[in-house]
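Given below, in the form of structure tokens, are the structures.
There are two complexes below, and they share chain A, which is joined by chain B in the first and by chain C in the second.
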Partner chain A sequence: MNLKVEQKDELTVVYLEGRFDAYSAPDVNSQMESLSEKQETPQLIVNLQDVVFVDSTALATLVQAMKRCRQKDGDLRLSDLKQPVRMIFELTRLDRAFEIHVTEEAAITAYRA
Partner chain B sequence: MGQTVINLDIPASHKHLNVLGASLGALFERVDFLTDREMLTYNMELALHETCTNIVEHAYQSKEDGRIRVSITLSETDRQLVIDLYDKGISFNITEAKEPNLDEVQIRGYGLFLMRQLLDEVIYTPSKVENHWHLVKNL
Partner chain C sequence: MRSQLSPDAQMLAAVVSAQRSQFKAIAEAWLTSGASSFSIWAENQLLKSWPTDSEIATAAMRAPIRLNGAEIGELQVAGIGTSAAEALLRSEAGLVSRLARMEKELKGMTARLIDTQDQLLAMYDLTEATRNQLDMGELLRQLAYKTAQLGATEGSFLMMKQEDNSLFIEYYPDPLLDEEIMRSCLQKVQKTESELLLNLSETEYSKAGLRNLLFVPIRIQGEITAALGLINKRDGDFYAPDTKLARVIAEHAGSRLEHLVLYKESLDQTKLQVEADLAQRVQLNLLPKKSPQISGLDLFAGSRPASHVGGDFYDFIKLPNKPFTFTVGDVSGKGMPAALLMAMTRTVIRTKTNVEPTPTPEVILDNCNSELYDDFTEVSMFATVFVGQIEPKNNQLVYANAGHSPVIYCPVKGEPRMLEADGTAMGVLPTSLSEDHTITMNKGDVLVVATDGFSEAENTAGEFFGYDRLLKVVKVLSKKPAKAIVEGLYETISNFSAGHRQDDDQTLIVLKTI
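== the complex of A and B ==
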């Protein structure tokens, strides 16, 4: 899977593309870990628009990354989930743990509010 | 109409599990009666993927030299999808698998939970010869 990072002022937007599963998760995990380590208060948005598949290992990876950010008084928020992906968050009730936005713009606005 | 059976024999590694989703997607693409094809394909791929992830990590302990035999049976007459998976790894005690506490954010334990949520039947039969997962989804 591809991972691209864009810094938008104080916010870091991570764009993931492809299958986010047990095969790709270790690489995503290490890249997310280094992102949150680099910043004093990591404020991340993970844009999932181009993610076609998410499994339970990917969920675990996002939960770990979100916890790392919150430990440093930051956050990891999600945006642009496809409907089947969103449903997995709802089934596991992780939609209550993460702040999920319909669009990246909405996530940016919420951070800056 | 009738019954379609697809048999696959794949390496027990995370790298090759995407083959299963491609097969299910292609199979569903030519079934006329499905109402929400995209969601169904995704959910069945996820259920099958989680089963295989369990086999890779628990039965074969991520050693990657094992095999998984997968038999997918689609009955258009009965509107039912049956998937049987066989592995020769270490047996798993399904009764000891804990359900995740959904009121707390957890890192592990969602795999089997998702399988049970997405399927109508999940039966696991451990064996010294070949462990067997039997998955059923009424379409």
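== the complex of A and C ==
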């Protein structure tokens, strides 16, 4: 799976692409870890527009990344979930743990509000 | 004066002195047959003459002593000059020539033998030093040290490409080359598959004291992924014998490294296997051996582990003066950490049910989450957990659901539906969001609490079984007893995903009011 990072002022947007599962999770995890380590108050948006599948290891990876950010008074918010991915978040009620936005712009606006 | 003699002439002198009595006999034969003197010369220097005390008369006959075509000395006789005598003297000189040649060959052989013996000893030493060496760094260090010793060089190094493409390098005595040149050397020898000899005296490396480098490829499991380097041959350049020796060391190093790589691989494999076996034992031993008997309830459970163990669990908790409690959960992640967390979660749920005065599912989940939140965070996992309680007297089902699915309630009248979670999985947030919900079950109603191994079972076309199919199958099977529903669900899932590997555990509890 591909991972691209774009810094938009104080916000870090992470674009993931492909199948996010037990095979790709360790790599994503280490990159996310270094992202949250680098910043004093990591404010991340993970854009899931191009993610077609997430399994439980992927969810655990996102949860861990979110916890790391919140520990440093930052946050990790999600945007642009495709329908199957959104369903998984709803079924596991992770939509109550994460702040999820329809679009990246909405996530950015919410951060800056 | 002797010191000015060439090595070959010196050898002739040694032969003459070693065979003194034989030469004396020859000389006496000449003197007896009328010669006035007999003498042996090496490069115009007199080695020996007979009679011993007299002046040497001018030679009447000379016969050259040759070695490999070059004249290294001669025999001289004075006082006789017949052609028969001349022929005799020539043949004697011929014999001395052969003697000298044999002596020279013997010397050469002895020298080679000593060399070989030295190398054998050194190789033996190398083999001993590296035998049973199971630490990669230490092995490379030993090899580098011995290579410098054996190859008579000022320095050496052993390098090996790691799985992540980085280079593992050990130098003796100090790092002299940068990684860049090593990498390019390795690429070269990977192409040519033979050693590389570099003269560095005209390059920038000469400033660092480098003169020459012999870079020898090492094959590990058929591929050139390592190399040894000999730096600065003592007293000169690298020649063919050095290359040959380096190849032998490289071969030995290759076999030691291969041995180590294989050993590490099998060790890793064994570790993984042991861990998987342990995890499976933990998981299987914690599942209830059979379903409890509860009046008014028909209960059955099953768990089918995937080849690599997931973290599914289920439990029945039947305690005096407490409502009958059952739980199904799924720890994200695999292997030993998942199995341990599963065991902990199960234990904490049991304990909370036992010690809380009114342990409703919501209370159990909340307490359990608070207790295990840090542990879940530590290993970056979470667990979806469904906890249900049923009061057989009035068939009231109370449940709380922490992110778990699928849970299907199939009433005897009406359509089956999912009991969706309201709280997120255990270990995600510091406080649980799951609340108690109540359903009054009628006779014949069915509750199926399964894990996502059912809904996410995949067929060969890459389709998931999904919730819709699951709801339909439960509806069809709901008339049957709990055991038959469990078996029917397993059968349906097996048929659906025939030919596709089972990726996740498939665990479920079926509960029917009777």
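To be clear about the criterion, the second predicted complex is superposed on the first by the 113 of 113 C-alpha atoms of A that agree within 3 Å, B and C clash if a C-alpha of one lies under 4 Å from a C-alpha of the other, contacts with A are read in each partner's own complex, and residues count from 1 in each chain.
Here is the rule we go by: contacts are C-beta pairs under 8 Å (C-beta built on N, C-alpha and C of every residue); 3 or more make two chains touch, one makes a residue touch a chain.
Remember, it's a predicted structure, so these values are computed and weren't measured experimentally.
Colleague: When the two structures are superposed on chain A, do chain B and chain C clash or fit side by side?
Modeller: Overlaying the two structures gives a clash between chain B and chain C.
Colleague: Report for A:Gln49: first if it touches chain B alone, second if chain C alone, otherwise both or neither.
Modeller: After superposing on A, A:Gln49 lies clear of both chain B and chain C.
Colleague: After lining up the shared chain so the two structures overlap, which partner does A:Gln83 touch, if you call chain B first and chain C second: first, second, both or neither?
Modeller: So A:Gln83 only meets chain B here.
Colleague: Touching A:Ala60 in the superposition: chain B (first), chain C (second), both, neither?
Modeller: both
Colleague: Just chain B (first), just chain C (second), both, or neither: which does A:Gln39 touch?
Modeller: Neither chain B nor chain C is touched by A:Gln39.
Colleague: Who contacts more of chain A, chain B or chain C?
Modeller: Counting residues of chain A touched by each partner, the higher count goes to B.
Colleague: For A:Arg19, decide between first (touching chain B), second (touching chain C), both and neither.
Modeller: Once the two structures are laid over each other on A, A:Arg19 reaches chain B alone.
Colleague: Which of the stretches 97-105, 259-267, 475-483 or 493-501 of chain C runs into chain B once the two complexes are superposed on chain A?
Modeller: 493-501
Colleague: Could you list which residues of chain A make contact with chain B in one structure and with chain C in the other?
Modeller: 22, 56-57, 59-60, 63-64, 67, 91-94, 97
Colleague: Which residues, counting only chain A, touch chain B once they are in their complex?
Modeller: Contact set of chain A toward chain B: 19, 21-23, 53, 55-57, 59-60, 63-64, 67, 83-84, 87-88, 91-94, 97.
Colleague: Would you mind writing out the residues of chain C in touch with chain A in their complex?
Modeller: 330, 332-334, 377, 380-382, 384, 402-405, 420-425, 427-429, 433, 452
Colleague: Could you please specify the touching residues of chain A with respect to chain C in the complex?
Modeller: The touching residues are 22, 29, 56-57, 59-61, 63-64, 67, 90-94, 96-97.
Colleague: Quick check on the complex: what are the chain B residues that touch chain A?
Modeller: 14-15, 17-18, 21, 38-39, 42-43, 45-46, 49-50, 53, 56-57, 100, 102-103, 105-108, 110-111, 113-114, 117-118
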